[in-house]
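Both of the next two complexes hold subunit A, though its partner changes from subunit B to subunit C.
Presenting the complex of A and B:
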């Protein structure tokens, strides 16, 4: 079967490609015309779904809730309506104790809607943890060039699991902001190799921030999600203490490190230059056992 | 008002139990006779990986050694540190962990209360302060996504346009009062001697329900969020 690049698809194409055929039932679809009240006042075109498709579907016959952001619409940004759809979906998933899969493609809060989207993301983060408390896993899928940044980067980090492709990026401040802040010598936002090695799927996987790194292929993304549709990752004292220790050790190990290549080598990549070109599966399979 | 002036105003002599190291606050104090744990940021500092980790370490200590002790979170931070190595080492993961540690505390019956005391901006507010059961702000606090000048620079919409629109759209205005209209903070407090009594009453009345969307609708600042959430809940139940 030929490969269908996940990162090239639009939101509803992604949804259709990863769920059981014909199983997606959209909630508040475009004909419902639930739109931003802000953008028209700023002279910006609206979208009838405010850049987010939500609904129910099945994967391998298992019912789930899903959301997919549209990166082509104001950068996948999160405004009042967009965030309210997301919060409602997460609350429904917690209520019904069903997994919730978030196909993320967003630079974060929609600046044009000011603090409204910021509060909406904070509500969505509360709702993510309500799902986790209900035993309903929330899975963030990050496989687009826009990635998950700002508040959506933080929200992604709060989910039970993250599935990434080598195209996906996960962070808070984007490269352009950092370049302005630190200068081009410290971070050239046009240096795509450096940008992806800083925040891309391979580095996030090596450091343990992504649970799965899969090929940029809808079948591989679907398989990566399907493997995580089991038990949630509960927020227990033991889990929190283990993560605290892991994150402290990471800071200590890499305190003096500035190049991503040094992290790659420390985490089992023997030839970073060659591994840059590997697809995800080859990359994961070729990792040497990590040094203790 | 500096942190050194504010802490005694809030906690009296018990403010001595709060340590400020590199603009990160951790410790214990009393509010109107009630013991609380305190954590937070000071002087508009930027939050980096190490700072987030120190805050989560304090949350873990409180959960393990002081069961059920309320946690008061003070926010005075301009944002996440925009730094390449911070991002490379996974700053989002450090923030997510801080939020997870607070969720652990909430699930173990620790009330979480936030007071925005200075800057409470963007990711710095999301990564702990906005996660509380009840959120308050001083009237002098700078609360919001970003100041209007910064918003204009990024969106290429003139400052004058944004300022005109903000008269009817409080989401575009920067500050504690407009943020309260959106439901993002419960009340805005003056910086005076009434603060300890207000904090104590707020701790007593806090619940774990997230009522921000309902408040935003009632106050008219965020008119659609609550109804859209409810529609999704209703439509998904069919």
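Presenting the complex of A and C:
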């Protein structure tokens, strides 16, 4: 079967490509016209779905809820309607104790909409934890260049699992924001190799932030999701403390490191320059003995 | 922001729509989204509803949309457009894409 690059697809094409053929049933599809009440007042055209497609489908016959963001529409940003759809979907997943898969492509909160976007992200994060408490796993898929930043970066980190491709990026402040605060000498946002080596899929996998690193291919993304559709990752005090200890150890290990290559080497990449060119499968396999 | 609603005469759809809607494109810079829905109440006309972030091109829009209605059989549909500065060729392409998606039996 020929390779279908995940990062080139639009939201609904991604949804259709990763679920059982024809199984996606959209909730509030475009003709429902549930759109932002704020954007027209700012001279910005609205989208029929406010940048988020949500619905139900099956993967290998198992029912799931899922959502996909459109990064091209106002940066995939989370406005009031966008977040309300996301929260509703997560609540349905918690109620039905079904997995929820989020195809993320967003710079975070839609600042144009003021507090409603901020509150919306907070409600969505709360709903993610409601799913986890109910034992319904929430899986974030980050496989496009826009990645997951700001509030959606935080939300991604709150999910049970993250599936990434090497196109995907995950962080809180975006590269341009970091450069603005720290200076170009500290972080050059125009240096794509640096940006991807600090926040890209391969680095996130090496650090243990991504649970799966898969090729930029819809079949590989689907397989990566399918592997994680089992039990949720429990939110317990012991699990949180273990994660805190992991992060403290990471901070200590890398506090004095000034190049991402050194982090790659410390995490089992013998030749970072060569590994940069590897596809995800080869990259993961080359780490096999010391995989995080 | 400028809006525009207008109906133009058009031949009825040559092939029956096999779904209740089709969407082409996304709202992004230099792009637009086009939603086409069957509107059996008016089989000999296409009803456009446009919203664009670029004001001042009402005449160009009117010409482009009238042209599409004249060249393609889109009677009995309602077409809603959300535009963010698409070039005329992109607009025609998205309209054609939406029509193709609505009536896949079309050869």
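Odds and ends about this structure:
Everything below uses one rule, namely that the second predicted complex is superposed on the first by the 287 of 292 C-alpha atoms of A that agree within 3 Å, B and C clash if a C-alpha of one lies under 4 Å from a C-alpha of the other, contacts with A are read in each partner's own complex, and residues count from 1 in each chain.
Just so it is clear, a residue touches a chain if its C-beta (ideal position, glycine included) is under 8 Å from a C-beta of that chain, and two chains touch if they have at least 3 such contacts.
Since the structure is predicted, the reported quantities are computational estimates derived from the model, not experimental observations.
Contacts of A:221 after superposition on the shared chain: neither subunit B nor subunit C is touched. Residue contacts after overlaying the shared chain place A:45 against subunit C, while subunit B stays out of touching range. Here subunit B and subunit C are compared by how many residues of subunit A each touches, and B touches more.
By the touch criterion stated above, A:59 is placed in contact with neither subunit B nor subunit C. Of the two partner chains placed around the shared chain by superposition, subunit B is the only one that A:263 touches, whereas subunit C remains out of contact.
By the touch criterion defined above, A:73 lies against subunit C but remains apart from subunit B after alignment on the C-alpha atoms of chain A. When the shared chain is aligned, subunit C comes close enough to touch A:10, but subunit B does not.
Interface residues of subunit C, counted against subunit A in their complex, comprise 1, 20-21, 23, 26-28, 31-33, 35, 37, 51-53, 80, 82-84.
Subunit A meets subunit B in the complex at residues 27-28, 34, 37-38, 41-42, 54, 56, 65, 80-81, 83-85, 87-89, 91-92, 95-96, 109, 111-123, 125-127, 129, 132-133, 148, 150-151, 153-154, 156-158, 170-173, 177-178, 180-182, 186-187, 197-199, 203-204, 207, 209, 235-237, 240-241, 243-244, 247-248, 250-251, 254, 257-258, 260, 263. Remark: subunit A residues 10, 12, 29-31, 40, 43-48, 70, 72-74 touch subunit C in the complex. Those residues of subunit B that touch subunit A in the complex are listed here as 49-50, 53, 56-57, 60, 63-64, 80-85, 87-97, 99-101, 103-104, 107, 122-123, 125-127, 130-131, 143-146, 151, 154-155, 157, 161, 165-166, 169, 171-174, 178-179, 182-184, 210, 212-213, 216, 222-233, 235-237.
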